[in-house]
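Order of writing sets the labels: A, B and C. Residues in every chain begin at 1.
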Amino acid sequence: MEQATPIISFKGVNKVYNNGTVGLKDISFDIPRGQFLVVVGLSGAGKSTLLRTINRMHEITSGEITVEDEAIGDYKGKALRLLRRKIGMIFQGFNLINRSSVEKNVLSGRVSYYATWKTILGLFSKADKEKAVHALERVNLVEKLYTRADELSGGQQQRVAIARTLMQDPKIILADEPVASLDPLTTKTVMDTLKRLNQEDGITVIVNLHSVALAREYADRIIGLRAGQLVYDQPIAKVTVDDLDQIYQAEGEKA
Amino acid sequence: MQTTITTPSQRHSLWQRWGWLLWVLIIGIIYFWTINGLKFTGFQESASAVSKSILHGLVHPTWSYVYDGSGEDLVSLILQTLAIAFLGTIVSALISVPFAFWAARGPKEHYFLRSGSGKIVLTLIRTFPEIVLAIMFIKAVGPGSYAGVLAVSVHSVGMLGKLFGEAIENMDRGSEEAITSAGGRSSQVFALATIPTIMPEFLSYTLYRFEIAVRSASILGMVGAGGIGTPMIFAIQTRDWSKVGIILLGIVVMVLLIDSLSEQLRKRLI
Amino acid sequence: MSTPTIPRRSWTQRYHVKGIGWTVLLLVLLVASAQMTGVNVGMFFSNLGQFTNLLVRMSNPAWDYTAVIIQPLLETIQMAILGTTIGAAFAIPFAVLSASNLIHNRWLRGLTRLFLDLVRTLPDLLLAAIFVAIFGIGSTAGVITLAIFSFGMVSKLFYEVIETIDMGPLEALESVGATKITIIWYAVLPQILNQFVSYFLYTLEINVRASTVLGYLGAGGIGVFLQRSLNEFNYNQTAVIILATLVVVLVIDGVSNHLRRVLL
């Protein structure tokens, strides 16, 4: 597995914000296809920035990121939208359109296949509507198809968000603290769903977590960030509790 | 330690002890200037007599004016007033949307030239007196409720544009991010995420503005811009206090009804 | 893979009854309103010449007229200050009577609030017209109009402030048997004073705006000159008045905003 061609590759990536804050510092690593990668670190360590550089929601200052062997830095317009189409994204705050139905939310994952006027009028094809039902089936929420999104519980909303990204037929799913605002029980359903998509569909999943226990339970590999630097990178078999504690502790001592 | 505590308090003691006196002095001067400047010439002997006849008129309203089928009665003119307010508010809500996006500061914007200029224009519109607008539109389209609609349409932009703009500045951008990350064009992000997120707030503010427009539409008639204000000013000038009474009653009932209706709708929106 | 059981939609949901209903209602109201008000888009544009002519004449302000209007502008500010002060003074007892945490008698509270709601329905210019009829032309009518107008507004703002106060100090005084007046003076007033002053200034801003047009109906201040210039078709004077009003309103807003920021 370690030797397979990487689907994502970071080469000397730096990110400095406009106000001079360092976001990422000299990050280099590869992510093999089909891996379940968990990124750990304190809040403000750069996890969220790292994730968003992969689909260019954040720009990098220097270095290079390749996705499927293509450098993504110069993508514009259509090329950028096609890159984003194959990378699904899941957020801490679910980011659903609250007053719309679950169906409409799930279908909105399909925007990149439609012209603007069709999306405005809600003219989605019959095939895509069926696809939406199947996507919801995979997260066990078909019965909520016509419910308003804001009438669902947090865990259900996050599963709708997962169904939305499934509509993109993603090769990669980025999940930014997907369970940070959920209770332990729904956390498990959401993480299980991500793991299942990873194993059944071979989708590469990259998850930011602040919970070490969760990271150890689900990850194939764990990387650690501290102050924008890659400080830890081990396959799950070699990860020990002490290692992970250090990622957090060292930061505490420095502060 | 003790010296560091006492030193600043000693330094401030003069201001702390006597600062309020300065405020009292300033406020005193302002009120002295105010009361001296105004000439209370109005207390004519007729005041109490007029007040009595007004009260008498209010207690004995001209009920026959409520509806007589002429189209110039209370019910017809109240409906016309509501029509002016409604149409004016809808038109101004539509005009306000582009103004709001002009005046709203973007999440990553560092220069305020665009939004700042928008805010100034909206302030200018807000400060321009509505009745002067009505008079100007009367020159263009003649006296009547059409001029009233135009005046409300333009004047309301000042406030609605400001409220809409603030709603945009404070909106949750999560769903926009989601659509962008799914590969949506910016036009799709706008149609699929921005509009549905912001719409309820826009509607709520529009209803609120409608409440205000009903009040202003009922006085625009005083300068000839249609609605219930025209017979009102005429009745006052001819000292027909019973008619003033019934019109006042009509306005009070109309405003109370509209306010409670609008409040119910706004509660359901948010 | 079997077809999953799709939930059933009620027919109101399937045919978007709610959305279509609201749209139809809106359209009907729009058409009815347009007919009732005689809106004619073509007429506006065919008469646009007169409108632009007016704007052109306004865009050449008669600057020497400024000297004439300084005194009435100051009078307008004085009217606003006095009117707001009187209105706010009367508002305080009514605000106390409307506050649910101070007055436990529902009937008294309900009646007071109903009275305040009624006062708030009356538009300012309408009040001005009536008071001009009573007191004659002059600033007295204006001051009283503004007093009543701000009374309605301030009393609501004030009782909403009172209802948010911390009841702890109040209960402490109540438990030692203090009188209502003492309680209000020592436990209520210190908590609300700053917000009261802030709302007073806010109302003053609104009243300065309102007072500039009251004179149009004879209630004193700059509005008298506004009406005169419009009636005599001296639009270059109208322009000066509007610009001067704008400056005054912006200055008052600026000072008031600054003071309110310091206070809160």
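Observations, loosely collected:
The rule is short, and it goes like this: a contact is a pair of C-beta atoms (placed from the backbone, for glycine too) under 8 Å apart; a residue touches a chain by one contact, two chains touch by 3 or more.
Protein names from UniProt, one per chain: A = Phosphonate ABC transporter ATP-binding protein; B, C = Phosphonate ABC transporter, permease protein PhnE.
Everything quoted here is computed from the prediction, not taken from an experiment.
Comparing chain C-alpha centroids with the centroid of the full set of protein C-alpha atoms picks out B as the closest.
By number of C-beta pairs in contact, B-C leads when A-B and B-C are compared. Using the average of C-alpha coordinates as each chain's centre, A ends up farthest from chain B. Here the spacing of chain A and chain B, counted between their Cα centres, is 47 Å. Chain B and chain C have CA centres that are 7 Å apart.
Considering their complex, residues 18, 55, 57, 81-85, 87-89, 91, 93-100, 108-112, 114, 116, 119-120, 161, 164-165, 167-168 of chain A touch chain B. Residue ranges on chain A touching chain C, taken from their complex, read 133-134, 136-137, 142-146. For chain C in complex with chain B, the residues that touch the partner chain are 29-30, 32-34, 36-40, 43-44, 47-48, 50-51, 54-55, 74-75, 78-79, 81-82, 85, 117-118, 121-126, 129-130, 133-141, 143, 209, 212-213, 216-217, 226, 230, 238, 242, 245-246, 249-250. Chain B meets chain A in the complex at residues 110, 172, 174-175, 177-185, 187-188, 191-193, 196-197, 199-200. The part of chain B that touches chain C in the complex is made up of residues 30-31, 33-35, 37-44, 47, 50-51, 54, 79-80, 82-84, 86-87, 90, 123-124, 127-132, 135-137, 139-142, 144-146, 148-150, 215-216, 218-219, 222-223, 226, 229, 232-233, 236, 239, 244, 248, 251-252, 255-256, 259.
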